[in-house]
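What follows is a single structure, written as structure tokens, with notes after it.
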Amino acid sequence: MSTANGKIRSSAAEALAEGRVTLVLGWRKKDFWWQSPVAFVESAAEAEQLTFDPFSVYNPVKYLLEAAGCHEKVGVFVKGCDSRGINRLLQDKRLEREQVLIFGLPCSGMVDPVKIRAAFPAPKICEVARDGEELLVRLSDGQERVQTADFLLEKCLTCRHPNPVVYDRLLWERVPVRSGVDALRFARVSSVAQQQIQERYAYWTRQFSRCIRCFACRNTCPACNCRSCIFDQAEPRWLGKASDMSDTLNYQITRAFHVAGRCFECGECERICPAGIPLQELNRRLIMDIDKYFGPYEAGLAPGDLPPLGTYRGEDPAGFDES
Amino acid sequence: MRRTGVFICWCGSNIAATVDIDLAVAAAKKMPGVVFADQNKYTCSEIGQEMIREAIRTHRLERVVVAACSPRMHENTFRKTVAAAGLNPYFLEIANIREQCSWVHKDKETATDKAIALIRTAVAKAARNEALFASELPIERRALVIGGGIAGIQAALDIAENGFVVDLVEKEPSIGGRMAQLDKTFPTLDCSACILTPKMVEVAQSEKITIFSYAEVEKVEGYVGNFTVTVRSRARSVDMGKCTGCGDCMLKCPVKVDSEFDLGLIKRRAIYTPFPQAVPNKPAIDRENCRWFTAGKCRVCEKVCPAGAIDYSQEDELRTEKYGAIVVATGFDPKKLDNYGEYAYGKHPDVLTSLEFERLLNASGPTGGKILRPSNGRPPKNVAFIQCVGSRDKAKGNPYCAKVCCMYTAKHAILLCEKVPGARPFVFYIDVRTPGKDYEEFYNRAYEEFGATYIKGNVSKVFPDGEKLLVRSVDALSGALVELEVDMVVLANSVDARAGAKELAQKLSITTNAYNFFNEAHPKLRPVETHTAGIFLAGTCQGPKDIPETVAQASAAAVKVAALLGKDSLLSNPTVAEVNEKLCTGDMSCLAVCPYGAISEKMLEERRGRETVRRKVAEVNMALCQGCGACTVACRPGAINLKGFTNEQIMAEVEAICL
Amino acid sequence: MRYSYYPGCTLKTKANNFEKTALRTAGALGLEMVEVPEWQCCGALYPLNTDELFPLLAPVRALAQAKEAGHGTLVTLCAGCYNVFKRTNREMSRNGEVRRKVNGYLQEEYTGEVNVLHYLEVLKKEVGFASLAEKAQKKLTGRKVAPYYGCLLLKPRDEMDFDDVENPTIFEDFLRALGAEPVDYPYKTECCGSYLSMADEEVAATAVGRILLSARKSGAELLVVACPLCRYNLEEYGRELTERTGGEASLPVLYFTELLAEALAVGSETYGEEK
Amino acid sequence: MPVTREGFEPLIVAFCCNWCSYAGADLAGTSRQTYPSNVRVIRVPCSGRVNPGFIIRAFQRGADGVLVAGCHPGDCHYHSGNYHARRRFTILKQMLDYLGIEPERFQVRWISGSEGAKFSAVMNELTENVRKLGPNRKLRDAR
Amino acid sequence: MKVTADKVNSSLVKEVEEISGQKVSACFQCGKCTGGCPVVSSMDIFPHLVLRFAQLGLLEELLHSKTLWICASCQTCDSRCPRDVDIPKVIEALRLLLLRRKGGNRLHPANLSDRVRADAPQQGLVSAFRKYAK
């Protein structure tokens, strides 16, 4: 762990010192044990605050949209999921590869504070640190060890690319892909899909009824990188202002459609959603259909290729009655 | 809100009988922005159009909605009308309340409701119409004719006649097409070669026309006035420059294969010209059968060629050229008879197709023009002619009538009688169809003068019986069973679209009907145009036709081409895509789906705060854009829009149509 | 390979040598024919009227039994049964309304899933004529055989799609595999009069006459069939004809399986062995 | 629109491409192939021009069924518009189904300019099916 | 035999189309059915005329015709019909019109020939009784 931080800080400092980059995006510790938000480091000195701990879950990539504009070259630390975000931006021509210096961080999963709190309700938690396969939980009254696996974030349990898929330097050894990931990946989608249509409608409207249209899902999503989002446009007004189910469905359908074939499953939309709407279940449903109809495709792996909805094959099957 | 005028047409009773016009007018008057609404018996009439122009002036109309027939009918008419009154033609909208309302609905009340909804929708769209201006496009003054049969030949000659350069592409080693295979032509019985070959020579001699024989169209890009076409000339293995057409090679070549031109009735060599009067009269080596190419030995033709024209090393040649217009004249294929085992074709040598019989009649054919039974080389006495083989047969053939069989069968009957004294033609028909100048008279001669026996009955089966053929049928008129022993059976097999017509249609992005014949733009009023501007049709590739019709259509196509190439420039379609650079992210999703390569990246310099930043945005080439709008949907932020069909307009239509 | 086998009424009585030879040859070729338990009549004819359902029930029940028996494929010998089953299947799989109504009368739903094959098809598709040729040690060399298809195997064209309606070849290929020489004659697909022989013998006799004379004329010394009724008609009226024409039209009629048995040398009381 | 099952008259919005399906609709007219007046056509240049947003908006504003009709695959006047449409609407239709919105309400069909009969047949069929489904309440907005 | 307006498209014709599922109006009288019919020489009204009579509503004539009982349903005709008319089905329909009437049966076990009694295969008997009796 500390070695990890060491490596991060030194490589960031080095890159800044040598002037190879003028800004580095990583994570730093904030007020609480469960917070490791994105850090913007512009000098070797500041690099000391960088940290990579079980809560460095935020995807720093989206900040590149702004950063790359005002910096010649930006350094960025990426986990496997984050790195696919880089490819997302490259594929969307929102970023040039040479604009970024990428430090790859193989990642065996981020920890879910909720699960930790559930396990340690009473005593005050001071710090949660990784120690090999285990987590070291420092409590106000002593410390405990637990198996990391039991406390991972939902989204990390289904991660098929824990190792960065694009980078200039890999800071440490690759980690293995979790076993049984593929089985889990579409499990939730399937269980919903198996319900009767009325049940599905009830299920989704129940979920969406909590949506307050705060747009957090859109704002955190590296695939939602338009300069100006249609949801913010007045003429034509694609999305009504009324907060009724009709417009919520309109919003959710459109959002999902816009990331169809582009979503690389970082799961931030769902994690960040204040209403706890299972957005991954919708995104992944679209991934399933794309695999089924247009052939298996994983976004964020090859920035060169065209996304499934940007191309076609004459012999494509149709998901509707073509008669 | 735009000052809008609504003009509702009765179209006589076509609309007025099903739609309550008064009610519609009253409703229209209440629609947002509508300051004037009125009705007219025939809005497309001069009076009707004057009413529009008048109203535009007196009521200072800014937008015009005409509720009448389909925009595909009169949109241009009314655009001119509003333009004449000083409005931009694209301020016009049409509500289609005839084809899509009064003609398909019965109940007056609901039809009226719908008509009003359609008008409301058109008004809503019109309010968001913007002035559009066509820009001028250059025209490439050169035409491409695909297919060197009589249709292509006639079209090429007429276009050249009008002073334009023409490239004529022919798949076979020689032009001439099907007509070259025919003997005499109905109803005049003048010999096909005698009237065709002079035209072939004329083509060869014209400085304006270049023949690309043994060649096929590979790729077509661009748009009216500016097509870019790639033609593949197959390796002929003969140097056209050196070859004198002496023909020695063809005499000495040791390989004999079925002659396509003579439908396998005789052999040709591996180095060959399809027929003696071929143009160009220079052979090609058919590499599938040439011993040098198949077995790596021989080279006889090379040895005997006095001009040293043989060149085994030749390769296919790809040539890309720009054209202003294209005429498609690829002709037809005679129907294959696999589904018609009952006629014993291929089982008994004396069962022939009509084209094979045509070759027997032909002086340059396998029998030197003598009608002889392939089985024993003796002239037939009784010959059964079976019509509608694979035509008018929805069960296992073509449901349509092949149009030419009745006439050429009458011709065959007559020629049989002329050539074989004492021979007796028996013609089995379902109906005899002879519309055409002097056609009926010609058919009359077949049975009056020449004594052909016409039997109204479709032959059910031909029973080979040793030397003879037993033909079983019925005479539907008398109700008598027919059991006829004949020496020869001639099958009038149907006219199919060319194999590969569908693929060519896709290259040209023109459409075909269910049987792969190319579609004309309008069955009556635009019979030689296609839906793709600048591409025209001639001859049987559009549907079964006889020679006079084919020639007429070819000349018509030529006139259309000449009219097009005669223009100084073309007005571009102004309903093209347009980028809103403020919204454009520059991710180029639009570029990925553009079928015309009309979208490109462009660097934008804009001030942000103090410094100027550069960013990528999409840019549309108005000349290349055809206005499909695929880009508008690919663009997530809706930054690229389609003029004339903007997001705003369509959204407004949706809102209005659902009210 | 296991198949459900449907004999049908006639193969247990009049045409039992059809069945015997068929099963014997099947055995020799390693094909296991499991007779459908308590099979019931297929109805002999496919109902041509579309306004009532019950004529369809018999064949559907028979097929449903085969389905229960559980081998995906049902093999028939009698061309009649084959015709009825194939058309019934087609109707049941294509016509939703009929399917719904018919299934109203069944315990277990049937939707045309049983694959119906004629024994000839089994020989062609599953055994393969090439390997059949190898297995047939006792070649019928020099035997000029006229294959007689009749109607039921081939027609209606689009419903049966067994072979080319006008120029079928499966029989010829079969005979060649056995080393025999198939003779081609234009009447091989012409109707023998079918059930008319039960009521209006004149008509049947005429039909048969044409067939035999034509086969004879093209040098056949023997005629093979795949249908008991065809055989009955051809034999009965053939005999008469022979008497009338003084032997001119006399042609022995055999089931194709009898020739097969002979060629595979699994013994059969056939013309071939009598010689 | 009345919403009792009995008296219920569905509203069907059909986006038709100008080159094939709109022409097919016109042909249905010229050959008097009748279909219910519930169907209302919006003319677009190509099925590839139809934005899913239009479809959702139609449902929001009270359409009970939406049809997108274009040229048959391979016949697109613009080469590939209908191929892109086929991918987009394959996804959209599955998504609606997944969200519990009857997929039958949204249809995509290929109707050529020579298929007037097919146009009216499709319209009759679609109207009947949607009539059976009853009014669309799931996507319809408050107004 | 006379064609009158009331015969054409009479309810009886509709009944034939109902039972057979065939549209008699589809036939354009090419005669291919008749030409190929193996038993046509014993028919009094030829197959193509059966369709013609039906088109014109001459049902009585048809119902008295020998043809109905001659057709062997071999389906040679419909496998060649360019108009996709299943003539045997039309003839079957006419047969049924009669068979369904009281005492409409055409074949009684009593009058089977000795030969048939002796050797006929079940297949033939079952078929015959399905065709000639109800």
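Letters A, B, C, D and E name the chains as they come in the text, with residue numbers starting at 1 for each one.
Rule of thumb we're sticking to: a residue touches a chain if its C-beta (ideal position, glycine included) is under 8 Å from a C-beta of that chain, and two chains touch if they have at least 3 such contacts.
Because the structure is predicted, anything quoted here is derived from the model rather than measured.
S.K.: Applying the document's contact definition, name the chain pair with more C-beta pairs in contact, A-B or B-C.
M.R.: A-B
S.K.: In whole angstrom, how far does the Cα centroid of chain A sit from the Cα centroid of chain B?
M.R.: 54
S.K.: Between chain B and chain C, what's the gap in Å when you average each chain's C-alpha atoms?
M.R.: Using C-alpha averages as centres, the distance is 49 Å.
S.K.: Round to the nearest whole Å and give the separation of the Cα centres of chain B and chain E.
M.R.: Here chain B and chain E have centroids separated by 46 Å.
S.K.: For chain D, write out the residues touching at least two other chains, lowest number first.
M.R.: 52-53, 57, 74, 80, 84, 88
S.K.: Where in chain A do residues touch two or more of the other chains?
M.R.: Answer for chain A, listing residues that touch two or more other chains: 230, 238, 309.
S.K.: What residues in chain B touch two or more of the other chains?
M.R.: 342, 396, 461, 593, 634, 647, 651
S.K.: Which of the chains are touching one another, listed as pairs?
M.R.: According to the stated criterion, the contacting chain pairs are A-B, A-D, B-C, B-D, B-E, C-E.
S.K.: Under the stated contact criterion, what part of chain A meets chain B in this complex?
M.R.: Touch residues, chain A against chain B: 69, 92-94, 225-230, 233, 235-238, 258, 306, 309-311.
S.K.: In their complex, what parts of chain B are in touch with chain E?
M.R.: 342, 388, 392-397, 430-431, 456-461, 472-476, 479, 481-482
S.K.: Write out the stretch or stretches of chain C touching chain E in their complex.
M.R.: 8-10, 13-15, 41, 43-45, 48-51, 55, 78, 80, 151, 154-157, 165, 189-191, 193-203, 206-207, 210, 227-229, 231-232, 236
S.K.: Residue numbers of chain E touching chain B in their complex, please.
M.R.: Answer in residue numbers: 28-37, 40-41, 46, 48-49, 76, 80-84.
S.K.: Please give the residue numbers of chain A that touch chain D in the complex, ascending.
M.R.: 192-193, 197-205, 230, 238, 240, 242, 244, 246-247, 249-250, 252-254, 256-257, 260, 282, 285-286, 289-290, 293-294, 308-309, 312-314, 316-323
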